[in-house]
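Okay, handing you the structure first.
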Amino acid sequence: MPSITLNQVRKSYGDIKAADGLELEVLDGEYLCILGPTGSGKTTLLRLVCGLTLPDSGAVLLDGKDITRWEPEDRGAVMLSQTYSLFPHMTVAENVLFGPDLRGMPDADQKHLLADMLDIVRLSSRADALPKELSGGMMQRTALARALASGTEILLLDEPLRALDARLRINLRHELRSLAKTLGLTTVHVTHDQEEALVMADRIAVLRYGRIVQVGTPGEIFDNPNSPFVANFVGQSNFFTGKVEAKAGNTTVRLSDGRAVHARACQFPIGQEVVVGIKVGNTDISKEEAGPLKGRIERILFEGKFLFIDVQVPGVGLISSKVPSWRMGKLAVGDDVNVHWAWEKATVFPLPANGLAEELRVD
Amino acid sequence: MPEVRLEGLGKTYGKVVAVGGVDLVIRDKEYVTILGPSGCGKTTLIRMIAGIIEPSHGKVFLRGKDMRGVPIEDRGIGYVFQNIALFPNLNAAQNVAYSSRARGADKGVQEKVAREHLKLVKLLDRMAMFPDEMSGGEQQKVALARALASGSDLLLLDEPLSALDARVRVDLRYELRRLTKALGLTVVHVTHDQEEAMTVSDRIVLMRAGTIVEAGSPEELYSQPKHLFTANFIGESNFLEGWVREKVDSLTRIEIREGSTIEVLGSTLEPGDPVVISVRPEFIYPFTTGLRSKVTSSIYMGTYWRIKATTEGDDEMNFDVPITDGHLYQIGQDIYLMVNKRAAVLFPRPREGVEEAISLE
Amino acid sequence: MSYTVTDWDLIQKYVFDDPATVQLIQDAIVASFEIAAIVVVIDIITGLPMAWILVRKQFRGKQFLDTLIDMPLAVPTAALGFSAAIFWAVSKPSAEAPWFAVGEISSPFILVLLLHVIFSYPYMVRSLAAILEQIDQTYETAGQTLGASKLTAARTITLPLFRAGLVTGIILAMARSLSETGGTMIALATMANSQGFQTGPSLIGTLKSGLALNPDLAAPLAFISILLIALSLVLLVALKLVVMKVRLPAGRVWPKWEKILSRGIAPKLKDGFSGAFLIIIVLIPSFFIFAYVFTATASQGDWQTFWESLANSFIIAGVVTLVDIFLGIPLALYIARNKKGRLPQFLDVMVNIPLIVPTAALGYSLGIFWGGAPFISAIPFLLVIFAHIAFTYPLVVRNVEGAVEEVDAAYEDTARTLGARRLQTFRKVLFPMIKASVLAGAIMAFTRSLGETGATIAVAGTSVNTAPVYIVELINGEQFYMAALTCIVLIVVSFAFMLALRLVTRKRRAG
């Protein structure tokens, strides 16, 4: 049963380190999302797994077997490119049967397989259509059927939803994941969309500059980010810089303008310069409840389920907050509010060596 | 004085109707988003406003003037393209200064214009960089600065964020709105991303198959959609089919199935009418009574759980439970779901079927 | 080229010690380069608006215009030479030019110039259109939304992006002009008085023809061949450097004037002029030969030799095309899929060198080179095939290379991960997608070989009788009517062949 392991895999193009010591294990039957900004080496990682790119050093293992130098066609890991790469001169049926045909499967078996595959992806009526006659969603389903028909147990998806409309993307997330799960495939899904990763993944690996920054379940990545970058990339965060003042169950951080904020316990010594990060969605504002920071509402944007509110806090700057939209009538621009959060949701990070702004860059 | 007025504006290619007779007024300093799925004609529409595409019929008025026969360069617009389209042979400053150069301004003026506008988008330090040396987000900000530098008070944005990473997109939405509001611009923004539309707009115009479905503020379209298509396209919704059984005072009682009813506040529909109820995931609650359902999955969304459950009638229900509730749902668990009667919206059941009425493709 | 090294003293003796020969060679070469330069300038000025129309405008009959532009490509230059000369020049009385021909040009220089414009024009238009196609039109539109008029936007944005493509167009057109032998020789022979005018390649052709009678001509022949090759290469390098370095004066903008030129009558005049140029200068002279055969007095000729020559031409072109395809595709694949490597980049340049070297000089050089090999030199037919491969091979490689680059590598990658081996991937995925371009390359190579005169004569004298060589002989013998008939048969057969090829491709695609 397929599990994939990357061992200290490195790959450079000139000065650019596309893979800088990748260390990752994808478990059997797992749906793993590789999440990172453009240029972080996501696609390189996929290509290393399926053998289209050979590493400069390090090893790629399949079920513990070293396959680093194997040809792509011998690995049995199918890649789906962003645009699905359906062969334009073949019909849906011919595309789906591409793999079985190569292996010389008898015609009768091919016919059965085709019927099964088209049934799974709900395209039985479009078997004779050419790719250009299909909608984006149908193209994706055809590509999936083609991958499944090749008998693969490993699916490598390179931004499979990027080419689709935003609204359609949301519908297809669920469909894609449940298909992979039902068929027991081991899936590596590359994306730049943190919401997509949260919704779809069993585990998320956050990638930046060719290195894996953090691996964990969506919950771990969202609630326990190990760096300001992850905290900001996966769901936006507010950040405060200050010095550790007290540690007693939680951490008290004294901001430069004298106010104190609270966060989870940390190992940093008292007096160390730190950054406190709190998710926008976990930052609450209210007129009644007291909070460490006071400010004035500068802007309220209605985003459907939530309101996105900017609060100008003198001495600190703009703080953003996401609150349920039923509070719409109760808050208005110009209102004085207190900003507060549950300290269990706030994380303390060491001050990044290259500066906070650089650390938070998302592109 | 209205800034943009479209009268019966349409475009046909042979027999294909790309845009069919659109009437729309965009007010001075208003931020309007044209939203819709691929192929709904939104891009054709904005290109007709800009003069890039010649309309087949109808008129475009800018600042009250009929634009027929007026070439692109004389319409006084700023335009930001989906593929960014920064001139690759010019650096950031030269790109931004292009409009003043095209007017024959001298070098000094050009430099000043470039500085001023790059400063607006906080990219002064990128002045000498060429497009291929900048990140996608930076490129799009320079493109925005370039459009602003033309001095126009009317900005047309053609899917300005769709080429960018999701996370960069989120940051730029806020930036875009802040900047255009600060400068007091009239903006027409085309997008297929309903989240983006809600965040940036004063008003959203939802299009489908070449015509306007409905227009309104983000809040109106989200909370009181007039069409089933809107309810599905803007934000997510659960749809339940049934019949109006009775109306009691201000309540309308809908029968979903034999013995299974939902109450909804107000409606003009009469008993016996076939209806569709649309409810947002945040307005469905697990309760002690209600629709009997089985939990099929729960997904961690950071600040809430997205729970999927199947009703006895085999309808799939999505609902959200705040993390702070601290309550966990097990797959296979039986629950009862209540619908917030204030937040549910009723539609007459479409003849072509719900599936078809909300179809995105 | 080895000839120069061993026999320098011969060159010294027969060339430098003979002022008349030096003068002859010098005049021919100067004329060649002058003509090539002027031709390129005319091609750019008239080809650019035409390329613009083809790429940026949508109108009915665009397909038709597209085909019209390619038509001169299908006509062998030998036939073009005769047709153009009859149309434009004061021709020999025995040629019996029809009364409605222009028949006014008495300067051989201008006649050759007009002839070279005809067959280099399609190359220029095609190259320019290809680059224009790659430049996103959004750039111009963006310029316009920023207040620039159409002309300003095109001039300040599109043209600077054009530069690299311009080089290709210039080199191709120039090389075609510098190379052309058969058409030039025929046109000159058709004139009433060609005043002993020669271009470099036509001089090579003439010298080679006379070589059998006078072995002393070998030295000047070698010398002029080497000179032509060397000068062409120098020119190529110089062009690349100059065009890439020189900044076009695109800085200033004159909003008012450019606006006036962008609208109303000016653009219409420009388009009208482009169309008129295409018809009057390019198309009518190309096909004037059809009018000619109806007015001239019929005469009988040696049909046996004619059919033989035609068969020879087709066998050579066929073999050459097959070899080009089988050797060209692998190289094209390698270059296109490894664009960043040093070796592929080097190969890319190397493959294109035969394109810019005058074919007559190339042919002579190859003749000398293979002349050392006992087996091959015994069969002039083989020599001709080798020579033709040399200058048609790049056409196939370029075409296929371009097509492969267009195809997203993701298709092949995906096929590999689906279990296809390299060869299977090529056969089942890539080849069907580039088939059309392979055929286009093949057609180009085929027609180019069919029409080639210079290289054939230079490599084998008149011992291998191909159709164009036969036409040259007929004209020299003043058998104009027979020559015209031969030209027409050649044209018709070329067209028929191209049509058949297109039909075959279409059917295959539909199946």
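Observations on the model:
We just call them A, B and C in the order they show up, numbering each chain from 1.
To be clear about the criterion, a contact is a pair of C-beta atoms (placed from the backbone, for glycine too) under 8 Å apart; a residue touches a chain by one contact, two chains touch by 3 or more.
Keep in mind it's a predicted model, so treat the numbers as computed, not measured.
Taken as a graph of touching chains, this assembly is complete, with every chain in contact with every other.
Should one ask which of A-B and A-C has more C-beta pairs in contact, the pair is A-B. With centres set at the average Cα position, the gap from subunit A to subunit C is 54 Å.
Subunit A and subunit B have Cα centroids separated by 23 Å.
Listing the residues of subunit A that touch subunit C in their complex gives 47, 50-52, 71-73, 75-83, 85, 87-89, 98-99, 102-103, 146-147, 150, 152, 156. Within the complex formed with subunit B, the subunit A residues making contact are 37-39, 135-138, 165-168, 170-171, 174, 191-196, 198-199, 217-219, 222-223, 233-236, 279, 281-282, 299, 301-305, 308, 322, 324-325, 328, 362-363. Every residue of subunit C that touches subunit A in the complex is listed here, in rising order: 408, 410-411, 413-421, 424, 428-429, 432-433.
Of all residues in subunit B, those touching subunit C in their complex are 50, 52, 71-73, 77-79, 81, 83, 85, 87-89, 98-99, 101-104, 146-147, 149-150, 156.
Remark: subunit B residues 37-38, 135-138, 164-168, 170-171, 174, 177-178, 191-196, 198-199, 217-219, 222, 233-236, 280-282, 299-303, 306, 308, 320, 322, 360-361 touch subunit A in the complex.
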